[in-house]
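Labels for the chains are A, B, C, D, E and F, by order of writing; each one numbers its residues from 1.
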Amino acid sequence: MEQVMELSYALDTFYFLISGALVMWMAAGFAMLEAGLVRSKNTTEILAKNIGLFSIASLMYMLVGYNIMYGDGINSLIPGLSFFLGADNATADVIAGGDDAPYYSNLADFFFQVVFVATAMSIVSGAVAERMKLMSFFAFAVVMTAVIYPVQGYWTWGGGFLSEIGFSDFAGSGIVHMAGAAAALAAVLILGARKGKYGPNGEVRAIPGANMPMAALGTFILWLGWFGFNGGSQLQVSTVENANAVAMVFVNTNLAAAAGVIGALIASRIMFGKVDLTMILNGALAGLVSITADPLSPTPLSAAAIGLVGGLLVVFVIIMMDKKFKIDDPVGAISVHGVVGIWGLLAVVFNNSEATLVAQLIGIAAIFGWVFVSSLIVWSIIKAVIGVRVTEEQEYQGLDQSECGMEAYPEFGKK
Amino acid sequence: MEQVMELSYALDTFYFLISGALVMWMAAGFAMLEAGLVRSKNTTEILAKNIGLFSIASLMYMLVGYNIMYGDGINSLIPGLSFFLGADNATADVIAGGDDAPYYSNLADFFFQVVFVATAMSIVSGAVAERMKLMSFFAFAVVMTAVIYPVQGYWTWGGGFLSEIGFSDFAGSGIVHMAGAAAALAAVLILGARKGKYGPNGEVRAIPGANMPMAALGTFILWLGWFGFNGGSQLQVSTVENANAVAMVFVNTNLAAAAGVIGALIASRIMFGKVDLTMILNGALAGLVSITADPLSPTPLSAAAIGLVGGLLVVFVIIMMDKKFKIDDPVGAISVHGVVGIWGLLAVVFNNSEATLVAQLIGIAAIFGWVFVSSLIVWSIIKAVIGVRVTEEQEYQGLDQSECGMEAYPEFGKK
Amino acid sequence: MEQVMELSYALDTFYFLISGALVMWMAAGFAMLEAGLVRSKNTTEILAKNIGLFSIASLMYMLVGYNIMYGDGINSLIPGLSFFLGADNATADVIAGGDDAPYYSNLADFFFQVVFVATAMSIVSGAVAERMKLMSFFAFAVVMTAVIYPVQGYWTWGGGFLSEIGFSDFAGSGIVHMAGAAAALAAVLILGARKGKYGPNGEVRAIPGANMPMAALGTFILWLGWFGFNGGSQLQVSTVENANAVAMVFVNTNLAAAAGVIGALIASRIMFGKVDLTMILNGALAGLVSITADPLSPTPLSAAAIGLVGGLLVVFVIIMMDKKFKIDDPVGAISVHGVVGIWGLLAVVFNNSEATLVAQLIGIAAIFGWVFVSSLIVWSIIKAVIGVRVTEEQEYQGLDQSECGMEAYPEFGKK
Amino acid sequence: MKLIVAIIKPFKLDDVREALHDIDVHGMTVTEAKGFGRQKGHTEIYRGAEYAIEFLPKVRLEIGVADDKVEQAIEAIGNAARTGKIGDGKIFVMPIEQAVRIRTEETGDIAL
Amino acid sequence: MKLIVAIIKPFKLDDVREALHDIDVHGMTVTEAKGFGRQKGHTEIYRGAEYAIEFLPKVRLEIGVADDKVEQAIEAIGNAARTGKIGDGKIFVMPIEQAVRIRTEETGDIAL
Amino acid sequence: MKLIVAIIKPFKLDDVREALHDIDVHGMTVTEAKGFGRQKGHTEIYRGAEYAIEFLPKVRLEIGVADDKVEQAIEAIGNAARTGKIGDGKIFVMPIEQAVRIRTEETGDIAL
């Protein structure tokens, strides 16, 4: 019997670690997606930014963030700060059994959590591409991953007030994706559009990304990684019920992504008469973000429907952001993760009888409000102290030169 | 004891899901391989095609295909159609035990199956590259993944007549790979060669692919994904015997791929005096396809031998297809998955005493015949209704422009 | 009870196989990293080299290497050669239990080992890039993977004299990484620098790599694969203690890599005033190599410190190798895997009370000495018989033309 | 007829095209070029080794014009391409002895 | 000696080379170019924003020929490059005052 | 003023630039080109089909010089670019009727 409990603990730990590794892989996905969607002169910089932010997130979340998010909170709004990384569960406690017995390694939990905060941070990276100072971005990353993200994470996953009112966000459509998008929106408002993005009369100018295979690869990587993101968020696999749940999550995650592609494909085909690859890549991500708030309750058919709406929605939102609100977001991060994230959170109420519209709306408002406002303040401080934007000439020459002194494709001639 | 059965169920379900995720990753592999082997002017389109076909396959197989393939067949030839996706196994049934007790999640099974049909469809994609209308391809994908593939899948894996006569195809050298190749062959016959592929006197003209690192990356991805493809096809890992079997499958899969590389390397070195990278990439895939029909029975040494023959074979077959039969297959899909798939199916009889040559031949004929003929009909209908081929001018300008309105590498000049 | 032991066996086997698959994926990482860091005219060749070496390693290690490394040694220095690949553990032996009972599949063990030798060989590939004859490299790969690597592997992991004196190398900072670097150093000494690397007065000339996104992708792949490399080296996951250990290894591996990035970022920012992407990619790898010798004993904070030092160190060492020792290593393999590997081995003594500085130093000397000297001899023989270096004209034209007859990016014009 | 060869900064291409359009010169052929001159390049770094990127990206325009349009065209190009900063480029005027429109076999000014 | 500069459609390059070969003109230098003229470009789309690709890919040939070969060469190029559709391109003929074969230091017609 | 057009082997570019520098010619414009001539290309292979790469990579220099510098410049270019092997390239000299420095509107020799 004891061996069974050990085995169960081992399986759940292993499941966590593999899920976490898949989520870590999403960092590569964001890096490739963004490297494909910027111009070649800003490619080295965005790669450095992505690998740097993942590293900062890993370290800051260990040092501070995790302890805020899962520490002993002062109250349900204000988290505490407790240092507990290190000691893991004793075998005796595990085999003692009972409801409180740990059923997987704390460190595996930490590993799974740390890659989530990196995901949120990656979302910001794409939106501010091609014009932000690298060091300013890293400065924000430190605060975001140490404090801003963990505080709101505490509200739901750490047992704070959002969990108390029944806000439901399975794997983080809101806590991770919309939070990232809120920080990104604050950044773009402070930063402004890329030079040349809008004409003198406000007309939108296309700024095509340099490398579509990279962008597509990034999307495939994210799709794969999402099985860890959503699948691991069931938090346990070792019983029939949990195993079935994880399987359901995999199936629904895949179908929502597929339907998101089809949604964006249809929208782009109807609106432009062409199949806009970047839109269908965003469609896949929109499908994934949509279902992340609840990949478990819907039937596979409903999951596909939720993803389909996400994929349709994202095309319209991206165009609206661009044309109407003049929010210049080179990779569509704010639309994909923010607006579609909200859609995902609202869609929870269709399938999950325990979720309420009110709780979802409060959750959206609280998370968005907190992250947006605190980010706005942090960005403003950074702007005042070291500036956020490269000079016009540097922007024209490309950030690869000013920030990294290195070209991404030094040999390939320009058209 | 009950907890043990639950745990066993959980482990097998998890093993299925991870295997399925690896197979899903093969979709990225095909996308990268094909994006590397086409010219830059057709790259955006082939990426859109790959991500689109995976999505269509996921949705159609859920809606129709899976229910045909694993439904209650009308007889051993004609499958039925039963909608059963949704409810999963009850804990009580699992712990009841006995021979009929479910030992893993139905939804995990669905997930594992759905990525297989996408694989078959991906094979078609490469063969018709650089000249087919995107929407016509998608139309075919709907029929292929909803009906054509599932019907023959039912014959063996769904318990139809091929399984009754003892046709042996462990992970689908025939059911997946040769089936995909048969549909591809039908497509190419309807479609014709790319403009400029053959000179006025029938001489073959090289049309080099634009991006070798992408092609190599695609091959590595497929190699990795294949551990899920073959490894998951043991269908269970939770006993010593099964675990040993899965390990054997991993070892043999890896060795067959490695030997396929060496086979193609030797052939290309002898025939051309050079190491043709695209041939050794195809050699790796040929090794993998060869062993897929039975990665369990051979010893590691035999597995290497089977892969080696696959790798040698594929070089000759590709050249023959190209020069002799004038079948223009930009990525070699028909040779790699079709001809080498047949080799793999025949090689089963060397190592698996339960397999008979007759059964293998019947299986090959039945699968090939069904897929080829039905595909030919569907392609003909599509051709009549909306056409299959872009105009000559569109082909010259590239499909990226006509189908997607977007360039893959908008900044990189031409040599 | 028997079922529990079977399940435990299955879980450990599955854990091994997944870890091994992740390590196999590192082969793709090296291929992409190297393809990104060489010039475009040598890209096809380096891809062929990487896929070829992995294949050679897989086959030679099965045929010879594994049997040397884990066979019945003649004495603690000279390994034997026993052919035992094939038969796996019987269920009866597993469920018999006891200390000697096998707890995972032999074939899974082989699979996990075979990808390690490929890793060591990949390290050589990068260092000799852009000037070595492909066939000479393959000839060396045969000897390295069949004999040189396995002999020293036997000394520690096969139970030889280094294990007896207490040399401690958890996952192979020395046995895999430094060993690869030693062979690489021997190669570069025989081979010389690339033409044009050093000016007439010995000044260093930059030779920028052609494709930074590929290099970054390669690094992300390696980072992911390393979870298998280190995580699998715990060799068991099925108890609470082991599961905790594996989780600790994942956490520490990730933190060391992240800290390595930050270390290299700080060093490059201070020294060059810019964020040199290639240096921070090497920083990530340096962090990973540093922690590989012992990812289990350090606390997460110590792991980060070890990685940080690795990341700082690697920047200085690369520059010193380049400027002072005029060792032309296009990807920095000797610095990253060799010098930082030594750092990793020495750092073991800080956290692991069982390790002694003396044993570590003896291990370093023995492994380095053996691999370096035997490699030097083998390279010399190859040089005498078929030569190691392409002609000056071939080097100027690029190896893609002379070795593969094929361009990597045939369409993209030069700047 | 003259061939005007103008070397300009790449981001001025659209302005120059519009300026020429305004004086009814519609045809031209453009190639990417690298320029050396008084304007200095910048330094890049790669794995610790600094190196100078001495050449600067330029765009080379080639415009066949009738004799009576030459001055106007030079004027238009110069004004549109001028930033006043070093590296603005050059205009060279060379004689064309014959011009043919391939499609119609027309020759002379009408072929331009 | 004259320098013939021909702007043609890229897919006609091989035909033109063969036509020149037939009249014993073997040497030439080719550059990629973008052309503006009467022929119109196409529209692309990127994330919902349409944009015009106004330039068209062309190939620029530069051929030094002896005076007595000029007419023949113009003829050959024109015939080979003609599709009759708009955008076929131009041929310009310009004087060369001196020509040198670098390898041998030969000058004049023999250097071509 | 003359325009010197030199077609050379790409790896000789730096040598030629230095040689010109030594005679006080600092400005030039460079484009990538492909050359056809006596020098033969090489054969590549792709999936079993051989094909000839007939063009050879060359670099095309365009240098405006004052009349009295022409001979010196030809000399310098020739010496620096010469390897003695086939394919070294050509130098063409053509008349420039007018030259303008866009930045300053200077014309004539001073504009170069």
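Note that a residue touches a chain if its C-beta (ideal position, glycine included) is under 8 Å from a C-beta of that chain, and two chains touch if they have at least 3 such contacts.
Just so we're clear, the structure is a prediction, and the values are computed from it rather than from any experiment.
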Original post:
Where the contacts of chain A and chain D overlap, which chains show up?
Top reply: C, E
Subject >> Given chain D and chain E, the chains that contact each of them >> reply: A, F
Original post:
So, what's the distance in Å between the C-alpha centres of chain F and chain C?
Top reply: 47
**OP:** Using mean C-alpha positions as chain centres, tell me how far chain C is from chain E in Å, no decimals.
**Re:** 52
**OP:** Could you list the positions in chain B whose residues touch two or more of the other chains?
**Re:** 4, 7, 11, 18, 208-209, 211, 217, 272, 274, 276, 278, 405-407, 409, 412-415
**OP:** Would you mind listing the residues of chain E that make contact with two or more other chains?
**Re:** 31-32, 34, 44-46, 94-95
**OP:** Give the pairs of chains that touch; include all such pairs.
**Re:** A-B, A-C, A-D, A-E, B-C, B-E, B-F, C-D, C-F, D-E, D-F, E-F
Subject >> Contact footprint of chain F on chain D as seen in their complex >> reply: 2, 5-8, 31-38, 55, 58, 60, 70, 74, 77-78, 81-95
**OP:** Write out the stretch or stretches of chain D touching chain A in their complex.
**Re:** 10-11, 32, 42-46, 57
**OP:** Flag every residue of chain F that touches chain B in the complex, lowest number first.
**Re:** 34, 44-51
**OP:** Report the residues of chain C in contact with chain D in the complex, numbered from low to high.
**Re:** 204-209, 271-272, 274, 276, 278-279, 315, 318-319, 322-323, 332, 415
Original post:
In their shared complex, at which residues does chain B touch chain C?
Top reply: 4-5, 7-8, 11, 15, 18, 22, 39-40, 208-213, 216-217, 219-221, 223-224, 227, 231, 237-244, 246-248, 250-251, 254-255, 257-259, 261-262, 265, 272-278, 280-281, 284, 299-301, 304, 409, 412-415
